[in-house]
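Two complexes follow with chain A in common, the first pairing it with chain B and the second with chain C.
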Partner chain A sequence: MESPIRATRILGFIFFSLLFFVCRSAPSHNLLISNAERRIDLTSHIVKVYLTLKVENAGSTPTSEILLAFPPTQVDHLATVEALVTKGKRKKTTLVRLDVKPTELPDVPNGNKYFTIYLANPLSSGESTTLEVLYMFTHSLEPFPAEIGQSESQLVYYRDSALILSPYHIKQQTTFIKTPSTKVESFTRVEPTNRAGTEMKYGPYEDHPPYSFSPILIHFENNSPFPVVEELVREIEISHWGNLQVTEQYTLVHGGARHKGVFSRVDYQSRPTLSGASSLRQLLARLPPRVHSVYYRDEIGNISSSHLRMDSRKSELEIEPRYPLFGGWKATFVIGYGLPLQDFLFESSDDRRYLNFTFGCPLLETVVDKLTVKVVLPEGSKDPSAVVPFPVEQHLEAKYSYLDVVGRTVVVIEKKNLVPAHNSHFQVYYTFKPIFMLAEPLMLASAFFLFFVACVAYLHIDLSIRK
Partner chain B sequence: MASAAKAISSPVPNEWYPTLAVVMLSVGLVVAASFFIYEATCTKRNRCIVKELITSGVASLFLGFGSLFLLLSAGVYV
Partner chain C sequence: MATMPILPPMPVLDLVKSFKLKTKQQELLIRVSILCLVYILAFITRLFSVLRYESMIHEFDPYFNYRTTLYLTQNGFYDFWNWFDYESWYPLGRIVGGTLYPGLMVTAALIYRILHFLRFAVHIREVCVLTAPFFASNTTLVAYFFGKEIWDTGAGLVAAILIAVCPGYISRSVAGSYDNEGVAIFALLFTFYLFVKAVNTGSLAWSLASAFGYFYMVSAWGGYVFIINLIPLYVLVLLITGRYSMRLYVAYNCMYVLGMLLAMQIRFVGFQHVQSGEHMAAMGVFFLLQVFYFLDWVKHMLSDTKLFQAFLRITVTCAVAVGAIALGLGMLSGYISPWTGRFYSLLDPTYAKDHIPIIASVSEHQPTAWSSFMFDFHILLFLFPAGLYFCFKRLSDATIFIVMYGLTSMYFAGVMVRLILVATPAVCLISAIAVSATVKNLTVLLRSKNKGVQTGSTKGSSSSKAASKALLDQSQPFQKNGAIALLFGAFYLLSKYATHCTWVTSEAYSSPSIVLAARGAHGSRVIFDDYREAYFWLRQNTPPDAKVMSWWDYGYQITAMGNRTVIVDNNTWNNTHIATVGRAMSSYEDEAIEIMRSLDVDYVLVVFGGVTGYSSDDINKFLWMVRIGGGVFPVIKEPDYLVNGEYRVDKGAAPKMLNCLMYKLCYYRFGEMLTEYGKPPGYDRARGVEIGNKDIKLEHLEEAFTTSNWIVRIYKVKPPNNRW
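The block that comes next holds the complex of A and B.
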């Protein structure tokens, strides 16, 4: 009688210890978020979320990693995640950027995806720190109704959760949502909810366990145009004779509610506020200063509806497509410009040259679905390598251009789902011996010399048949 | 990094390109003209191949550089 009881006791003990270990392998729960404030900006078609987290280390060991969780539907549209921490006292606060990397974790509930924020100084037990996290979503506003006429206003759905999804216990949290206008058709109420003008407040909610989720749906009016560049190919050609030529090929589409019915030009021009309120009329491109030879053309030819304003710090190119873009309408065009070489090409400390240029679309407030940047290095360049501040795909190609014998090396960099926040600088390093620049004039000189030698040979050779 | 890095620019200042193109092409054409005049006036016996090659070499050098600067001043940055 004793042995079965002992066997069950041992089994029970083993089972209990296994359960204990399984619980331990889940994400660490020794961090606690004492206060979380989230501000969601829905004024443009890029959803910007500013999250202020006050994280407290309630465990016994110091940690320097904080996890951020995103539901699987949102993570596909996530364009950028940035984390900053304030340093210093009152008047001298500086924001220090922190590394944020996507992480894979085993056994996650509901297929959530995680990002880890690496703190500069580890957070010891009992201490708390305030983090500012900024992340942006693209294609997250769903137009409803999906098709609208010319004089109708554009209404969109925004789906999110009133409670912030987090692997940690949150003591107090509030969410503020800002809409572009006061016209909100409907919104989910998760008490306490308040709405004042263009701002909605969800919260404050107290003491919610990790991974708590409360879906909300907001149906509101957003008449901002939704410019989406489906594909952008940027070619940057470096010439050591003093010029940088940039050629950009755009495929632009209006990503909002699709247009149905007729387009009446009379209505559109006579009543601009009522008709085509969400149409795309013009775009602004911010270019570097001292730009020259700017052109804006498409397959038909030059498009003259553009303005270039130059400044000492920047140049602004305002372009209007040939026709206003309504939902679902596309436009393709090419923008090209030249820049002085000394603003962008530098010599690095280890005798290599590098190009320092902006990565990303110069158009303001546009989402780029697929960007390809091609940097064409001059003939005779060796060992090309690119340094980009975010994960990209790279490969090399060859291009044959003016006076080329062996071909020019092209560094091709590709990235998907970009927002204007990706307009930071990237560098392309390569080695080049200055003596190779003489190859081009000497090639031309030898061509002329060949012609003169042919003349001399013709005059010296006796071609007469009779002596 | 960028503040201390040295900017790289062309070995010849960009403003000189049109002037250099005109000067070099005119010198090159003058030398080429002297080459053709020599060929036309000299008789077969008095021809000196060394002189011909030197004249054509100098002419081709000036014409080569001149046409390069012509291309650069026109905006074709080769």
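The block that comes next holds the complex of A and C.
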């Protein structure tokens, strides 16, 4: 935790000097942002930024690429970037998602990182368009003080810039920051700055050149727990007998201010709002509908504090860790459930089968540092390939489960730094001949048959030496 | 074949007839199916705890066994054999490989390996949980063969059924009770069966098998001492009663010599067979048998009786003298160790109370109450004497054995509650003889009546007295009715036994004791999972090298579930160390902190039932800590904690009691807690009093964690203050 924060500070200075420094090399000088509005949501521990950009092509050539810039410290914590464009007239506007890809550029000032938004229709000269950009940061709230007692509330720092970092000239920009409560210890003023209730307004600022930066620091109360799953291993096992078995192994940690000193149960029980306000008491997992045989356990056995609510559209599993999690406390546990196979397994047009399942972590409002999804295909399946809507690492493994001889093919997909926005569907394609389903029953049957034959033989053969 | 000969049309009746079984085959089929059913029954009746709770390890010792099994499966046998465990008995550590009976772990690991070889991807925990029921099922088979050997197949079947559900055995073999006894009772009965078989046949193969059975028993449980003393005693009785035979000579010598050599391979047992007082009886009998054999040979060679008498006198005197001198020399030189305290406490029930408080403090080492005999044996308690009567009526080498086994184990069962377990197979077998013989007699009577022509005697009311004599006197009236009535009586009793056993299993013996269940106000089941809550907290949120001090009862659980180093645990090998912990718990805080610092204690764990009314907590165990601590450190005196010989925690408690560490840790900030409506704050529900010291200040410790129902409280030892 320490080093990125220090790096942030150093870089803050560098960027401050950038205020007076106009950068020369930007790929498309001809683009400019006529109006930018940024809304930063700090209510949970996932920082959500909604950016509305009105982009204008002031050059002569049409362009379809728009760059987004992030300082390197933020890029490390950047979980997801999405860009949308509104289409249609006022009444029936639809949002269309655009491609966003990380881009490496030469001669980048201060190690900034770029993402390119690819427009569906090139923006011709003189035209303008409005983009909605949504991006999220994890681990961007630094608890200060870093250690708190049971009765203290959790205060955090948030660092950003009052001005939007952009390779383009911005004519007018405003930033709104929403804090979870009205309790704000301090915040940097970059006039004009207003604060009303839980919202702070930076701006409007007029006419800032590319790469303008003005660091701000907000110190505020955030008593929501910071559930961070350090590692999540999801194993999805396909059985063509009609079941999909999902096993999820969690390593959960409370990522907020570390707990120090005494944990008093009397205080915790008698004054739940004052004492341990930021502690993590329970979690909600949203599971697919028609889930069955749900279990919630850890290395030493079943954990009895869980509830399952089911309706036709979703199932909600409410789980409590064995003990309330204070800052820095850990808990590991396993959630497992079965699902009807026909809801998730389909046949594609080219006679292949594919599994269509959600990718991310079913726990609400949690950050996953490292996710490993293992799709265990049935024994005898061939040519597996996975289609995931974002960049991931993939490899294959073999697993031996009940009565396996050659082992099952496991498609392993790994991704780091996930937020709930990653809970989209992914597909795993493979070919499978139904005859393989009969292999295990036949094996069992023949084993029993041989056993009985052996019994019969034993009863009919006289092995004694004496006559 | 080109042309098929047309089969003559076979009458359907003939076809059916060809499938009809002969009487002998029918009997075999019934016997095998009964045995299969009993086998399954013995397994499933032990699964109550899995259904009620979950597939988990129970109690205290099984957690150690589970931990070692896990280690064995992960690191292999040699690592296990040479394992030095740093996580227990800090700072001494424990040589695990040399201080345990590895039979259970090796068995479970072997089952695990076999299942994995057969591609059954089970978890080792499931194997451990189900090991005891599996061996209980196997025990029923052994009981059948044993019963068959000593009486007949009927008795064998009844014995199998009785032992399958007998609560005395179930208490130690439910699913999850992964303890040595689970496999040891199987090994015990199997060894006895093989030995009796060897004595009956005189076959070297059977006695070799019994030696291996004995080896397995030695590897599984310390109770093997019972075998190595009972078998020589049995041989001695046979010698005295003039039943010496070549068969006995072969069986005992082979079993003893090979069994002894094999047993020496177990590190924990080592050379005890030749060095410890408990095993000397077997050796003495071994030499005695040689003398007997020699005399027999001389008698055979000498034709002169007078000469032989003289020779006999000289030889016996010499042999006894040499034996006594050898024993005396061995004892004096320290080569042969004297009997241990545990052995003494078996022979003399009052010994432990005066000399070894650590043995006396364990509830399962208490003398048995009559009620628990009734609870564990039910009708077997009445059938046992009847079975003995039948055994004496048909005395043979085998029945003598079972009678001796029954009588000695009954005595031990009276001395210690946990030894009811050892008596159970004998009681079941002897009772089975009673049941089988009675029922057989009655049915024989009924059948013979049917063939006869007497019809007048079936009238009128039955008289049981008349019926019991009916076998002797054919002309007695009302025989048939009496027999029917008695049969119904027997079946009524046996069905009562079955219901009792099921009820006991489900109510008393199937709770894991880690998870406590209670009925809520609305009749719903409330689960107190505080132990695991605390252990898991320790596992996740304390430094990996933290040392936890608690009373020894929780040591195994803390290391297995909490994965942290403990000062003392359930392997009570070092009394001084336990006494040190007892002393720390019963001292004032500033004295205790010195002890804790010297032991590098980071956390102190206490179990407290004041909020939930859980009565087996540390406050109720506290007097034993005082006694054990005081046994080594005379600074701690039991009367200091008592008021007029009475143990209290309320206002009238002794001042030392109110300020000792254990009291402070249990009741810290309990005075603010409202536990029951209409009662003052700080009302202790386990003892039903308001506590005497509500204003507890801790100086060197701080509360680190308390579970949701306050059952486990963990305190952190603060680092010493800076001097300036």
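Everything below uses one rule, namely that the second predicted complex is superposed on the first by the 426 of 467 C-alpha atoms of A that agree within 3 Å, B and C clash if a C-alpha of one lies under 4 Å from a C-alpha of the other, contacts with A are read in each partner's own complex, and residues count from 1 in each chain.
Keep in mind that, in the parts below, a residue touches a chain if its C-beta (ideal position, glycine included) is under 8 Å from a C-beta of that chain, and two chains touch if they have at least 3 such contacts.
Just so we're clear, the structure is a prediction, and the values are computed from it rather than from any experiment.
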Touched partner set for A:Ala457, first chain B, second chain C, both or neither: neither
Touched partner set for A:Leu403, first chain B, second chain C, both or neither: both
Touching partner for A:Lys330 - first (chain B), second (chain C), both, neither: second
Partner chain(s) touched by A:Gln342 [first = chain B, second = chain C, both, neither]: first
Which of chain B and chain C A:Ser293 touches, first, second, both or neither: first
Touched partner set for A:Leu442, first chain B, second chain C, both or neither: first
Partner chain(s) touched by A:Gly242 [first = chain B, second = chain C, both, neither]: first
Partner with the higher number of touched chain A residues, chain C or chain B: B
Partner chain in contact with A:Ile465 - chain B first, chain C second, else both or neither: neither
Touching both chain B and chain C, residues of chain A: 401-403
Residue ranges of chain A in contact with chain B within the complex: 237, 239-243, 245, 293, 338, 340-343, 345-348, 353-354, 356, 401-403, 434, 437, 440-449, 451-453, 455-456, 459-460
For the chain A and chain C complex, residues of the former touching the latter: 261-266, 270, 298-305, 322-323, 328-332, 400-405
Chain B residues within the chain A interface of the complex: 2, 5-12, 14, 32, 35-36, 39, 47, 49, 52-53, 56-57, 59-61, 63-65, 67-68, 71-72, 75-78
List of chain C residues in touch with chain A within their complex: 53-54, 56, 119-121, 514-515, 527, 529, 532-533, 535-537, 539-541, 561, 669, 672-673, 702-708, 710
